[in-house]
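What follows is a set of structures to go through.
Two complexes come next, and they have one chain in common, chain A, joined by chain B in the first and chain C in the second.
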Partner chain A sequence: MTRILTLLPALFAAGLLWLLAAHALAGWNWPTLPFKAEAMTLDQIRLAFGLMPRGAIALVAGAMLGLSGAILQVVLRNPVADPTTLGIQSGAQLALVLGTVVAPGIMEHGRWPVAVSGAAAAALLVMAIGARRAFAPVTMVIAGMLVGMTASAIATAITLSQGEYLLSLVIWNGGSLVQQDWSGVRALTAVLAGGALAAGLLVRPLRVLSLGVEGARGLGLNVAAIRLLAVTVALVLAAAVSAEVGLIAFVGLAGPAVARVLGATGSGRLMVLSAVAGALLLSLSDGLVLAMAGLGAESFPTGALTGLIGGPLLIALLPRLRGATPPGEERAESGYRRARRPTALLAGLAFAILLAGAVLLVVGRVPGGWALLDRESFATFLPMRLPRLIGATAAGAALGMAGAILQRLTANPLASPEVLGVSGGAALGYALAVFLVAAPGMGTLAGGTMTGGMVALTVVASFARRRRMPPERILLAGIAVSALASAVLAAIMAVGDARSFLVLAWLSGSAAAVTPAGAAGLCAVVALVLAMAFSTRRWLGILPLGDGVAAGLGIPTGQARLALVAVSGIAVGGATILVGPLSFVGLMAPHMSRRMGLVSPLGHLAGAALIGGGLMLAADFGARMAGFPYELPLGLFASLIGAPWLIGLMMRRAR
Partner chain B sequence: MIRRRTFLTAAGILLAAPLQLRAGSAPRLAAIDWAMMETAIALGHVPVAGAELIRYRADVKEPKIPDEVVDLGLRGSPNYELLQLVRPDLILSSPYYTQYRSRLETIAPVLSLTFFVRGEAPLPRAFVALGDLANAIDDAPAAARVGEAAEAALDAAAARLAPFRDRPIALVDIGDARHMRMFGFDSLFGSTLARLGLTNARSQPTAFGFMAPVPMEVLADMPEARLVVIGPPPLAARRALARSVLWHALPPVAQNRVHALPGLNPFGAVPTALRFAAELEHALTSGPTTIA
Partner chain C sequence: MSLFSLDRLTVDVPGRRLLDGLTLDVPKGRLVALIGHNGSGKSTLLRTLARQIAPSGGHVQLDGQELGAWSARDYARRLAFMPQTTPPADGMTVRELVALGRYPWHGALGRFGAQDGQAVDRALAECGVAALADRLVDTLSGGERQRAWLAMMVAQGAETLLLDEPISALDISHAVEVMSLVRKMCHRQDRSAVIVLHDVNMAARYCDHVIALRRGRIVMQGDPAELMRPDMLQRIYGLPMQVMTRPDGTPVAVPA
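Take a look at the complex of A and B:
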């Protein structure tokens, strides 16, 4: 219990930071209770109705997120569950963005109903996936993070398409704790009180549940009802915070983690301590933001700060996951029929893509209808269309091959550039290139994304190897890197100058700007990866069988892995320049290839390349045509194809 | 209207396009940047195509864009094929879009002018842009004419606004009940304010960042100021402000010195500056209002 005393310095620091801000504002000339605005000076009003509710809402919102995370972790028996990792906050974010843009009328009644329904929809989806697989912790978090990434990608794209005009959306996405009366504090305190009461009532049934489902049923507990109730409480807590102050990520993960370090074991104590830790954490973060603003730095939202802790924290928590998964729940898929004539199949695929490319070269939309190009306009359009079609196809092929290599490397059917953090690392590399080099050219940017992708993958791979982790855990490490990458990108946006504009343009960019040289470069990347895959085909065949088998057969596993990591990094880095950080093509293509019966390493890779190219070609067509003449982001369109497919896949992979 | 899905030949479009336009040798302009689009319109050369016209017509409204102007899609990723189809003689761009400048240059010559530089007043640059654009399309007299008229209009407005030089003016755009954007001397509005002989309450540069709104309470440090709110605040913000103690305690609000302006394009050029001057004059002379 004495370990709880270690929270005191944090409390002290948070209080001190707040007092510093208060003193800078009004000296020691504090207003007396009850607050009567008429009798107060302006600075006293700013203290009483600005800074005081801000300090209070940091405590309340932090406590709510901590409690929400603790409830989710207890009910799902999952130490990495929280409103962010389960996609709940992103669901609320997407709903609020959609509400603001599509039906502003709804928002007049307040953000709460919209946020709660969005959060509920996301949670339902993740729970449905989880239910098929006995709520296995890693699957839940992977599903949640993928749902969350997709939802926030769509939300970001919508925000971007509205330009800077919807200032309120931008503020909300940032997660700012600035207050100017006590109404937010009152509302959140009421929800927190209700949530705490409900959690208190749920402690006993949850403790029984923690003994095991069978035992709980034997004691007459309605297991499903208890789970549903607990998840609902957690969801409402998180959605209320989202609606009131915006997106504050990962506090729900950090709170319970701190509580566990402090020695909280039982469900009840964990919930209480998590709430306390969450409150302190958010207060401390906000105190830092206040202090920085006081020192004259650019004021930035508190949510941007808490987002940064998520990635490292997830990685730190990974070792705890060992043995937490019931055996047999997260097993690789196996047993595909083998295509009888794989070569003919591949040739057919290649022919189909060429045919589609040829058709797309001569057909297009113009104002008022569709146009079939005649010879003259074909000649004018060719220099524009050809690089674009080739570039998109090559990017898709590179992603497909990278996905196939990664799935073989980790022996995990869910591995993909997004999931393993390669895309996130590539995005970070892009952003760094933009910020470190004065006027980055295409070559510099390509170098940046490729290096970023390789570094991210190396970090994840080495980490996983050192800890001797089962493949599923590797995915989680990768997702942690992705989370860190998106948080850093968000922080970069907060700086807000011409360079952030460049990153934004890339995030929302289409394949239209690809130059002939760029398309040729991407083709070279594809050729390089294909050649390297050909020379390592034996490794690719044996590595999925496990390190033991591979070493026994005389494969230098270390070198083999390193080489394959480098290849995937190059492929993803090259493709990311064009497509942006999220597309899911690298996940879909290898799967489809395997389902078609392309099982041999080389056939699998070639199939993945062709299917990936075809998917990206289709995505590019859709992105150009859906909102003509407005061209939608290519990566977004690809993930709109990929995300439902992925969810379907995760649902199907039951048993 | 039912959208026709007829198959046309692109050549047919190419032939049809010039018929919709004025005869003569006037250059065909395509505008990616809105400030450039406004400048071209001010010179009397309405572009044949412009970017993000749906948003422009909804938010900016003035100067009006005729219906026959072709919408080129998003400013961040314009539709190059459509741009090719409208066969521009000159593409109007700005440094915001440098990343695809070489791409535009394969279609037509590009004129890229800088309006907004951190820490610099944009209005003089907007006037320079009038001349630069006019030179590029061989219509220097238009620039002289428009420039003189604009200077005269600003001088006249400045004279009429002289009684309002007693207090500084805070130019804001309200985001939600807690945040706003403040326009400093390096924004078009701030720069026009200075041209009108009025004092800006904000001395720091504008935070135009993607996520850099300013907290509302910054206004508390400007007790003398008149508050000019540009664009209608969102409904939810208005409702929350009406209840807010802090808002009502802010000196400009408490002492009834709030004036409201309609929505204006913060990244506009000379026409927006003139419109801002006219709207500001109207708002100040017709007296304070309550926005919440």
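Take a look at the complex of A and C:
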């Protein structure tokens, strides 16, 4: 237990940072209890009703998240479960954004019911997916993070479509701990007390549950009821924090991790220590944010900082997922039919896309209905429409091919640029290019995104190689990289100048700005990727059989991986410039291609390219028409098609 | 003439020594069984020979040349390896799987020529899977699938086969079928094989030479007859064993 004493320096540091901020504000001239605003100076008021509740809420919210994470980890027997990785916080966030935009009346009754219902909806979805796989930890986290990513993508797009009126929401997304009075502290403390009581009552059943479902049932435990109760407690705790201070990522993951390092065994002690560690972590993070603000740096939300800690932490924790996936759980469906004439099928697909493109060129929406363009307006519109159609199709094709390559490389049907962190890395590269280069041209931006994508994938791949990890863990590493990228993006966004709005606009993707040169460049990328795929077709055929077989056949597996990583990075980087980081086209297209019976490596890739192009063409059309005369972001529209499909896929594949 | 010669071969993973200074010659042209208790290092040794694991110390030579000095492609032409669990071959037919064995010959870009086609046909015939050539690998029974993978190794044209527990997931009739096939492949075509086996009786019945490991060290190597003695089996498995003789004179070991 002496190891617990190592928490003391953290406590000391957090306290010191807070005192420094307090001192900077009001010197030693502290207000006396009870606080009466009439009798105080302005600085004293800011201290008593701003900084003090802020310090308190950091402790309380951190404890709640730590406790919530610990409960989830115990009940799901999953060392990487927490309100962030299971999508609960993003669900709450989306519900709040929707509530604010669609039905502001609801919010009058308080933010809490809205946040809890959003969190519950997300949790329900993730649990429904997990239940089909016996709550296999990896599946749960992948499902949770996909649901979370989708929810926050939609929330971002809604924020964007409301213009800057909702810029406060962006700040809120990052989780700001700024307080105006003590009401938030009081409310959260009440919830924490209730949650702690419930957790105390659940300790013993949870300890029995830690034997596993069969063992617990054998001892007469109502497993389903205990699971439901425990998850509900965790969910209310996390949703309350979301409602009060916004999205604070990964504290629920870090708290229990710290508690374990400190030697917490057994569910009871783990919960207590996790709450303590969570409280200290959030206080420390907030203290750092305060100190940086005090030093004159940009003020950014505390949640962004915890995200920066959480991504690497998740990666470090992955090897602890012992025996997480029962063999055969995450493998591809087999028994697909094979297309009898793949070439004819591919030709048909290509023809369909050309036809659709041609139709989209001449059909348009006018106020009150649809119309075919006459010759004159066709000539006017062609220079505007043709590049965007070609650009969207080429981006979809590049994403589709990258997805097919990644699925073959990792032998995992759920791999895709979005999931493996390639898109997140590309987004970071774009953002860095925007911020570091004075007036970035298209070439600089393209270079930034491609490099970002390749770096992200290299990190994931090298990590996976070094730790000798099974393919499904690679997905988790990729998701962790995505989470890290989005945390950095949230921090960048919160800076809130014109450049951040540029990045935000780009994040949800629009095809409106495609120039003829840009479209041609994307086509060149597609051609390049196709050529490289053709020359590596044999590798793509053998690598899905695993490293053992591939090395046995004399493939230089290291070089092959590196080459394919580079190809995917280029493809994703090129496409991401146009459609933003989230579209799920890279996941859907290879899957559909496979379902159509395109089995051979080249057929699979070509099919994925054609289907990806078609999907993006459809998404572009939808994005232009759905909100006519305004245009919705292309990436948003694509992910609105993709996310439900993906979730359905995960639900179904449990045979 | 030895196939592999090992000199103080050591393999470590963080915190544990899997193979501890093995010095030994693996004979050529024979069926060699690698046996031992769980965790004895037999699979580690096989995977080291297949260059799937790098040794932490010592030397291994194949045909008198250091393992590291072989190019990946030459090594694959010389030696074929089958992992313990064969991965799912999603949507692949038996013929396509077997054709992958030609990779070390045509490479990433080379043409799949007539010679390659003939090698695939011969391999399909030799392993008795020609009739299954157009079936999907994942729809085959365990024994058929194992034979399809053996056919891939044959197509690879390698003289040496390394098999990691090829029969551990098979029922007894399929196990006998696969072991008979491997034995035939070796003896008729002058190939060598090193096979990790769990079952002592299978090892004694089908193999020509036995190498037994215990905790990363060699306990015995030699003739199967030498293995089938109660004292030797006790040393290898740490368990009293009884050896009985069947009417035809072959020994059978059971736990005493």
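Rule of thumb we're sticking to: the second predicted complex is superposed on the first by the 628 of 655 C-alpha atoms of A that agree within 3 Å, B and C clash if a C-alpha of one lies under 4 Å from a C-alpha of the other, contacts with A are read in each partner's own complex, and residues count from 1 in each chain.
Please note the rule applied: contacts are C-beta pairs under 8 Å (C-beta built on N, C-alpha and C of every residue); 3 or more make two chains touch, one makes a residue touch a chain.
Here the structure is a predicted model, which means the values were calculated and not measured.
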In the overlaid three-chain picture, which partner chain does A:Arg338 touch, first (chain B) or second (chain C), both, or neither? second
Does chain B (first) or chain C (second) touch A:Asp374, or do both, or does neither? first
Touching A:Arg385 in the superposition: chain B (first), chain C (second), both, neither? first
Count the residues of chain A touched by chain B and by chain C, then name the partner with the higher count. B
For A:Pro544, decide between first (touching chain B), second (touching chain C), both and neither. second
Look at A:Leu42 in the shared chain and tell me whether it touches chain B only, chain C only, both, or neither; answer first, second, both or neither. first
Applying the touch criterion given at the start, work out whether A:Gly552 contacts chain B, chain C, both or neither, answering first, second, both or neither. second
Just to be sure I read the superposition right, which of the two partners does A:Gly278 touch: chain B = first, chain C = second, or both, or neither? neither
Partner chain A, residues of chain B touching it in the complex: 3-11, 13-14, 52, 55, 59, 70-74, 76-82, 84-85, 95-96, 99-100, 102-103, 106, 118, 173-181, 207-217, 220, 223, 234-237, 239-240, 243-251
Within the complex, chain A is touched by chain C residues 50-52, 72-77, 80-83, 85, 87-93, 96, 100-101, 103-104, 106-109, 136, 138-139, 156
The answer for chain A against chain B in the complex is residues 37, 40, 42-43, 45-46, 49-50, 104, 107-108, 110-111, 160-161, 163-165, 167-168, 170-174, 176, 178-181, 183, 298-301, 304, 364, 366-374, 376-377, 380-381, 383-385, 490, 493-498, 500-502, 504-505, 508-510, 512-513, 515, 624, 627-631, 633
Chain C-touching residues of chain A, taken from the complex the two chains share: 327, 331-332, 334-336, 338, 411, 535-536, 538-539, 541-542, 544-549, 551-556, 594, 599-600
